[in-house]
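The two complexes that follow have chain A in common; it is paired with chain B in the first and with chain C in the second.
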Partner chain A sequence: MNAAWRRRALTATVGVFFLLLPLIIQERYFLHVLVMSGIYVILSLSWNLLAGFTGQLNLGHAAFFGIGSYTSALLAMKLGVSPWIGLFVGGTAAALFGFLLGIPSLRLAGPYLAITTIGFSEILRLVATNWVELTRGSLGLSGIPMLDPIRIGGVTIRFYAEPEYYYVVLVSVAFTLVFMCRLTRSAFGYSLQSLRDDEVGAQSIGIHTSSFKLATFTISAFFAGFAGALYAHFARLVSPETMSLHLTFDVLTMALFGGLGTILGPILGAVTLTFVSEWLRFLEDSIKLDIRLVAYGLILILTVLFMRQGLYGVLRSVVLNLLPRGHNKE
Partner chain B sequence: MAELLRAVDLTKNFGGLTAISEVSFSIQSEDIVGLIGPNGAGKTTLVNLISGVYSPTRGQIYFEGQKISGCKAHQVNALGIARTFQIVRIFPRLTVLENVLVGLIDRKSNGPWKLMGQALLHRSGLRDDRRSVKKAEELLEFVGLQTYCNESAENLPYALSKRLEIARALATRPKLLLLDEPSSGLNPAELIGQIRLIREISQKGIAILIIEHVMKVIMEISRRLIVLDYGKKIAEGSPQDVYRNPAVIQAYLGEEACAGN
Partner chain C sequence: MESLLLQQVMNGLIIGSIYSLIAIGLTMIFGVMRISNFAHGDYSMVGAYTAVFILGWLPGWLGWIGSLIAAAALVGLLGVLTEKLVFRPLLNRWTDIDIIVCSIGLFILLENLAQLLFGATPRMIQDPFAGATIRLGFFSTGVLRLLCLLFSAAAIAGLQIFLIRSKIGVAIRATSQNRLAAQLMGIDINFIYRLTFSMGAALAGVGGVFYGTLFAVFPLMGGMPTLKAFAVTILGGMGSIRGAIFGGFILGIAESLGGTYISMQYKNAIGFIIIILVLLIRPSGLFGRKEGS
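Moving on, here comes the complex of A and B:
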């Protein structure tokens, strides 16, 4: 009871903090980075559901992001569909492809699945590059409409600037977070974890592992596509490069660095690394060297070698050691 | 005793290799059947056929009159057949309690989309379901693991991980339990405990098919033995009969030993 109340109080505090953040720090650049962090949080949580909880190494996650952003952008530009609807249609389009990519995962495991998924995202990147009539090829789509203004009563909220967009992303992150928390704690989530740990063992206790994998690919892709659509209407520019392996490996590094197979881990990883990479961008400008990728590679290697549980694991053991004994079981 | 499982002319080929060749047998409810034979005789293949890991090349398997050959492993389990593995296949990154809780999930409404829907509507997770937790704790107590509930499964010593696998199998409420070498790698003291556990499972009214190399175990607990050699059934009967069967002695010790006998 006590622990439950403490957890609620903590959640409320964190929630209020993030609600008030744009009032405390009003610098637009800072909010811009926060919005990008939020988009990366959704992406790495969705990748983590597949890799961390289900053990399916999907290296084509950028494709889902790209499908979401292109779908929503094109709908808005060509057909005038409201971006608010586009967010969900983009997610759904990605989910459809997620389901299709899930089918080979029923027969392939480990490195073979990884290679197949890389192939999938490269094919989509090439399609986006070469289908010039629709996508304007490597020029990309620019001038994507922003989210439409919302009128509540007499007040009109416009999404021209970072503070408003920040709240859209905050709500999206909160929704994703609640979804992932509930899912992973449930019978569904434990079924995923058991098939990750031992697929034959999971089947022997009645878990239909194929359909769980398909469902997870679909859901994971939905959130990636949703994040892609959020990005499209925020950056107002998408190019085939959004579907490149770069993005997948950024997301992978965030999830691993934060702590694979946990919920808080990918969040910590995504926020930390988004800010680190912005800082590195300044450094790059002054020393004229492209060090961002080197830094990501190093972080990845060091995490795998010395911090298998990720940032979350380290923080957790520090906190557990600080608490008086007896509290450890919480 | 009613007939629970019947295998008819079961054959399994792996490419050119015949692992199981025209094996027929039946298991009654509340039976304890021992499955023995030299290495490579096809014992584990037979268990894999029954549990749906493989489907037979020829022949049928019936469980409570219903044909199960061709069913997938998860379907076979849902019908009431659970198993353990020669090399344990527990879920190492879950806790001991969670391993059993996963086994307890109701398989009648287990479509993933349905489970996902339930997950989103309810705050409480799998571990918050008091009734399941209580049931899981009872099962862990039954196999003697009650003090390890919150331990990560990968930290269990080998003998205890075998017991956890049995508890997880029992969680699926089987009518027939297939045990693939439950005593391998156990020391003499652990062996006695294992025999007692298998007897207690049988007393719950669960039929057991057990693969075993440790003769002490097999002679003490099985009511009936089936002997395989090179994929063929070479003998069947009470442990005493099988023990004296010339074909069995020949399979284990060679022709000369048989002649000397």
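Moving on, here comes the complex of A and C:
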């Protein structure tokens, strides 16, 4: 059995596992956390495309998430547009802003880019807070419609509760994952990585770095906006707080902790940290101390100092050491 | 009408002097070490809490002066500590993303540790002059606010004299201009790094006492001074102290006038709009060195 087949078998097993998961564990709370971690997976994968693969530190990711959620929620509430369409319109609206933010960002790097993207995100948060007629200000939008029921043959699937919504998120995560895998292993993806490692070098071999950066900002924003719309119709409540810097920092911690610049890393990081922070929430209730974010800060610092490859890198080296010597090259 | 304008310019000068003080710390650390520290505003938060506690223990103007000294000492020490534990190990790796992300980790850690220790309830720094105001021609202002302005101006002037006249000050400026050449002249770079970092942090700590005097003191207050300090340094040119001084006053007055005449709700957006405009028109800032030099 060769490596490609082994990989396919592994992927299929993991896929079947996640498909059957709601049948094995039926507890709603567990599925709720799974849905949230799925949304975080999409967010950290899309953030990672910019930061990990292209070397562009975007600290305004929460704004894209917010644009997606507000767009889809408002379309459904004010104009009665189906949330299924809203998911994509929300993503597209975010992509548009991603493109616009990408233009000034072409000339910037390092701290300048970081602070500009923070500024973009904070300005949008202020707009969402103060444009009361449209967004109801800091109260936020509540009672956002759920996804419409789907009728297949005689069976109607309703998206009232977790098991059904879990599958929507699972499909979205799978789509994002396949897209990111394809993208990063294409000529486009290699160009991104070359411009990350040496921008002048990339230009000298004829890579038009500006268009690549713009395209990546747009794609990354699309997925963040899509995740935002998914969140809006799941939580059914969005407020300006959803686009605060803390969301960006959570996503950044997940991607780094999992492994920056890899595909599996952000997934591992998002799922692990979502579950860890739920667990810490229980711990907080019993010891009456807010330690969740202290832990996030520590994790971030320790990851950068001692575990630059992230969780994925650690697991990978453990697995490679366990395998017989002949396979180490893989 | 004219007196309102003057009043707002005065308010802008007061808040601007505090922005300058905090931003000078940030720009010094960036100039010498090339570290963009997003946790910088948390040093101000720690400074503000030092003042809250010292004034609770020793009220009156003596306590207020004492808290300035204590904030400088304590936050300077915190600066040494974070430099040694967090930033020093990163210095030879030298990628922007690592340093910025690490400082964000420090930011999250410090503000939430403060929440753990001090609780989320906002506190006030007691006014040792019990809210006394004085009238100066067209405008009136609190005695304490005026003192904030005078003390920040004095601290900025003192720092400038130190940097221009003293031998260590010259060494700091030399390191900022060209690290390798400074090293070849026999300057102990590691000492300069540690000194600059603790001085920068101490300035933010003292600025935090003033900032906390004007606004409420709470664990998550550090985000605002961080962002304002970045806006000021980008406006003035990153690494330029003169730029940070002018930038602080410009931002303070722009916010104060913008808040009165344009829109109060979007007052905090003015800094970001300035950043974006500066980066589009003159990326090196008012006094910044051109890229590559």
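We take it that the second predicted complex is superposed on the first by the 329 of 330 C-alpha atoms of A that agree within 3 Å, B and C clash if a C-alpha of one lies under 4 Å from a C-alpha of the other, contacts with A are read in each partner's own complex, and residues count from 1 in each chain.
Assume a residue touches a chain if its C-beta (ideal position, glycine included) is under 8 Å from a C-beta of that chain, and two chains touch if they have at least 3 such contacts.
Given the structure is predicted, the values throughout are model-derived calculations rather than measurements.
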Query raised in the report: Of the two partner chains, chain B (first) and chain C (second), which one does A:I39 touch, if any: first, second, both, or neither?
Result: neither
Q. Is A:I301 touching the first partner chain B, the second partner chain C, both, or neither of them?
A. second
- Query: With the two structures laid over each other on chain A, which partner does A:A63 touch: chain B (first), chain C (second), both, or neither?
  - Reply: neither
Thinking of the overlay built on chain A, is A:G110 touched by chain B (first), by chain C (second), by both, or by neither?
-> second
Between chain B (first) and chain C (second), which, if any, makes contact with A:I118: first, second, both or neither? second
I'd like to know which partner A:V238 touches here: chain B for first, chain C for second, both or neither. neither
Between chain B and chain C, more residues of chain A are touched by C
With both complexes superposed on chain A, which partner does A:A221 reach: first (chain B), second (chain C), both or neither? neither
Per the touch rule above, chain A residues touching chain C in the complex are 51, 55, 57, 104, 107-112, 114-116, 118-120, 122-123, 126, 129-130, 245, 249, 252-253, 256, 260, 289-291, 293-294, 296-301, 303-305, 308
Given the complex, residues on chain B that touch chain A span 51-53, 72-74, 77-78, 82-83, 85, 89-94, 98-99, 101-103, 105, 107, 110-113, 115-116, 118-120, 122-128, 150, 168-169, 171-172
Touching chain B in the complex, chain A uses residues 179, 182-183, 185-191, 193-194, 196-198, 200-209, 211-212, 214-216, 219, 261, 329
Listed in rising order, the residues of chain C that touch chain A in the complex are 30, 36, 38, 86, 89-90, 96-98, 100-102, 104-113, 115-116, 223, 227, 230-231, 234, 238, 265-266, 268-269, 271-273, 275-276, 279-280, 283
